[in-house]
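Both of the next two complexes hold chain A, though its partner changes from chain B to chain C.
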Partner chain A sequence: MTALDDHIRQVTEFVATMRRQGRPVRQFVLPPGANDLRAGLPIQLGAGANPGIILRSETFVELGNPDAGSCGFALWTEKPSLLEDGRVTLIGPDIAESPLASLPFGQVVMAGGAHLIGDDQVSLGQAQVVADQIEGYMVRSNSRNIWSRVSKQVGARGFSFDTLARALMFLIKSAVPRVESVEIAFVTSSKGDVLTLNEIAESAQAIGRAALKEHWKARGYDLDCDLHCGSCDDKTVCDDLRKVLATRLRKDKEAVGDDAQ
Partner chain B sequence: MGSRANGTNLISVCGKGGTGKTVITAMMARALLDSGRAGRLLVIDADPALGQLSALGARVRRTMGQIREDIIRTARRGNRDEKAEIADKVDYMVFDALSEMDGFALLAMGRTESLGCFCPVNSLLRSAIETLSRSFDTILVDGEAGIEQINRQVTQRLDTLMIVSDPSARGMETAAVVKDMVQREKIIECGKMGIVFNRVTGNEQLLEDSARRIGLSLFGLIPNDPAIAEYDLAGTPIMQLPADAPGPRAVRNVVETCLLA
Partner chain C sequence: MEAIDYNMGTAAHDLTTLERKDKALARYKKERDWFAFLLEAAEMMDTPEGKLQVKLLNILLDSKEKVISSVMNDTPFVAAYFCTAPEILNAMNLPWFMIMETPFLAASAPYLLDDLRGAEEMGLGTDLCSAIRLPMYYIESGLMPVPSAVVGLLSPCDGTTMLQQVLQHNPAWKNVPLFAPDPPYTSDERAIRYFANELRTMVSFLEEKTGRKMDMHRLREVCEESNRTYKLWQEYNELRRAVPCPHGWEIGGAQAFAVSQCFVAGDPRCTDWFEQLLECGEIKVKEGRGANEYCPEKIRILWFDIMPYGWVFEFMPWLEQEWGAILVMDMFSNFPYTLIDTSSEETMFHDLAKRNLMDVPMIRQARGTAENFSSDIARMVKDYKIDCVIWPGHMGHKDGAATAGIMRETCRGLGVPFLHIGLDLFDKRYTSVDEVKDKVSEFFRGMGLG
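The block that comes next holds the complex of A and B.
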């Protein structure tokens, strides 16, 4: 698994630069154990904990609206010692300090494990943008952006970056047991700061994509192969099956209609 | 898309062009909100002319048509990684297209520019809209002149289909065609279907008889209301019409008796 040690160092340097430039930088350390992370959380975690969307009228704080700017990515290393397990860095205002605000949002999840494998890269990428597993926290994301909303309901219960970090660390450690240490950095100070962070993201993502292709190639799958129907020998078979499917769907529809009458 | 079977009440308004579908849909949205029984309300403007924007006093950042163009452009000219990313981006893009107003949300379908069917893109977008729609209790669709577009882009099942007609022979002919398309050709599954006559200035009994003749339930008669034309001309949102004006009052009656009963 290709590690992104240099990018982790760049994030550390980014935090130091932010501090030098006078941004409010806060750091705290959360307990290492998954159960300790979960204990006392004011929200539910797990699949379906946040079904659906949170509308603006229901939002306590919005993070990373496309106008405000956002950036979200995951980094990993095979040297857990590069990270301080449980450490959370917050640059800018916390959620609880910004009721009804729409803040820029940067989120970097850094995970370390001496025995991480290629599959873990995918799991880490997915775990850091959990869309429905944190109660009162909605996420919409693409490969570069992360746009989220904290509901008023959980805002009233004290949802903060401490809560979010605990939830993410718990979910990551549960999803990827080979992870030994996790650090998370959140940036809400300004769109410019988030865009600076985005430069690290772009480089890391390019390396990550290449590593993923290599990983699959080693298992006999070429992610670059041309898979469009026109070049496939089985196109005629699929075309015939599509016709069968269309006929079946039409018959189903007619059957429903007949029942209704 | 959801239906009452999973908690969403899906209502669509269609009919001949120029019969006042947009204005009636806007008044229905107001009535649904005022009823306090609509829950989370999503209005979908499926008319390429985007008439709901002025009727509801709304703005949209992007239309679904623009998203469709983005996807087609990426599929045509994007590199392999960009193409692979499309599936991950769709929910983000659709959420970005959701315009949130006071008490309700609006999704504008907009115009499609690229010639050609592009069925897979339509399926992809429909799936994303379906996912989004599950978060709403009531969905009100302002359709194009026909209902094919709704069928293609928005949904496969409706709880209520409301056909709007003016008191004219051509309006009635269109209503009869829509009814045939639904009942005989099964173009869309539909719980109940009825007709609303707009700009009625008398001849109520004749209109009731006409509805009965083509086999449609009469949902209501909306009187000709000069205030509607005034608001329309001045560009004042129809939603701001006084609740006790003749038009909104009649529409509220339709909503209470036919949609929420």
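The block that comes next holds the complex of A and C.
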């Protein structure tokens, strides 16, 4: 499995930089067990937990509107020791502190497991798509960033980043049993901070795409096409044809020019 | 002198420039009149959805009128595509039409089958995508207005490139200046920057060949308006997650694609249309009403391609009436778009490049690597609570046919039934509508959906 250890270190460094620059950084550690994560949650969790949609008028807080700044990605490592299982880092205001606000939003999920395999990358990616599994939380159907809404109903019940982190960790550990440790970082401090985080995301995505290619290759499918003109046995024939066509086109144009005269 | 049959696609090589212009104009007006007829019908519907149709048709007709006026007055206009940054054309005040306009927008027009037959009589192979074959036929038979300049398309398939070759060899078109932005194969930052530069070159080309100038302030205004329409589109798409889905195949999805990209991109009338669409959707969601009041929703479908426009009225209502099967999402209704950052000229071109290289339908799936075939399906199935995925297997989408296995495996992993049919979205003679209905019925029954 492709490791993204360096990117995990970059996220750690990013958090340290934010702290040095005086951003409000809060960290807390959630329990490791899936059942412990679920216990005491003020919301329902699992398929169908959020059966409806959250309309604009029902929104308590909006996260990651592109105008405000948005970024979301997942990293994984075969060295669980790089992570502190259950640790949540929040840079910026919490949900409950920002009623009716539209906050910039960065979310990094980091998963570690000594026995993670290639397929787990796809499962991890899909586990990010929470769909209807978190009550009162709707991630809008946008492919690159995370743009989401927290409903007024669960906002009134104290939905916070603690709640969201518990829910995400539970869903990830349930979907990918080989994951031994999960850490999550949320950024809501400013658009600039989210964009800085996004630089790490872009370089990680390139590695992710390569791993995905391997995943499909192992199943007999090529996402990529290795064939190109330079590798084709008939290249000479095509080149000759092009020359013939170009000559014909030129002669046609010359003929039109002659007629015009 | 022998009278010219303006309605039929007879060979046009012997026509004078003026005769050719008249012939193309006659056909273009005929298409306009078809939509004007639909507008009259829509104006009789006193419902929010009826008003929506009226607004859409007015936008469409205005765009057609501008092209007609340009042809008649010999002022510049352009032939281009939905995926060649139409915001740029709007900012340069250049009327334009989509070269594949008829198969995409007017495929319900009563003359479509005649045109397909005409293409066959001309000798165009029936294994060539009908969406490509039709414009080739219109060009060769003089039924398409000859523009001042062409913005060509080199992706997502070989057919589009061939279309460019046809117009380069056609006597009436071969001296029309053509520029085709070169789409890179990859989808990384380097590719976006490369394509952004191609779009800048496209602007220089258009300035030189049409005499119209790009005003960056105007481009910013257009992109900001375009962003407003796209924001509303995404908001609307969230409504389609509701069970029951507020709209099916008739309202919303495909129209949203057309209004945002196919007539005039970044225009307040488009934003207004989306506001109306959102209002219609929100009312229905709040009231818990589904797409078809007479046929309760039983099966939520992802139709992963263009809708079968050539025979849409014979098939889609049947799906709802016979099976309660509602088209909740399709390839063209999906929203993978990110908004354009208008803070500088550089960011605008960067994001226009991204949108037209990586977000727009078909180009997104088939231009480069194939991962979007899988990831988009996975996302849509989860977000929209999809019960089954139908890959129609349009005969022209050979690129997609190569990835049917990836789509099938993805659906298997998600536990969602997958159907690959094999048909022509515009020509019902390829696989008859009855045969398609039979296959779909068998699939629903076999998978325990109906």
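Points worth noting:
We adopt the following convention: the second predicted complex is superposed on the first by the 218 of 261 C-alpha atoms of A that agree within 3 Å, B and C clash if a C-alpha of one lies under 4 Å from a C-alpha of the other, contacts with A are read in each partner's own complex, and residues count from 1 in each chain.
FYI, a residue touches a chain if its C-beta (ideal position, glycine included) is under 8 Å from a C-beta of that chain, and two chains touch if they have at least 3 such contacts.
For clarity, every value in this text was computed on a predicted model and none was experimentally measured.
Touch criterion met: A:P66 reaches chain B and chain C at once. Once chain A of one complex is fitted onto chain A of the other, the partner contacts of A:R140 extend to both chain B and chain C.
Applying the stated contact rule after C-alpha superposition, one finds that A:L55 touches each of chain B and chain C.
Touch counts on chain A: comparing chain C and chain B, the chain ahead is C. Residue contacts after overlaying the shared chain place A:L212 against chain C, while chain B stays out of touching range. Residue contacts after overlaying the shared chain place A:N35 against neither chain B nor chain C.
In the superposed pair of complexes, A:D132 makes contact with chain C only, with no contact to chain B.
Chain A residues 51-53, 55-56, 66, 131, 140-143, 145, 209, 223-224, 253, 256 lie at the interface with chain B in one structure and with chain C in the other. For chain B in complex with chain A, the residues that touch the partner chain are 40, 61, 80-81, 84-85, 88-89, 91-93, 95-96, 98, 100, 102-103, 105, 132, 134-135, 186, 189.
Residues 51-53, 55-56, 66-67, 122, 125-126, 129, 131-132, 138, 140-145, 202, 206, 209, 212-213, 216, 219-225, 249, 252-253, 256 of chain A are the ones that touch chain C when the two sit in their complex.
For chain A in complex with chain B, the residues that touch the partner chain are 51-53, 55-57, 66, 131, 140-143, 145, 147, 209, 223-224, 253-254, 256-257. Within the complex formed with chain A, the residues of chain C that make contact are 168-169, 171, 174-175, 185, 188-189, 234-235, 237-239, 241-243, 282, 285-286, 334-339, 369-371, 374-376, 378-380, 382-385, 403, 405-406, 409, 413.
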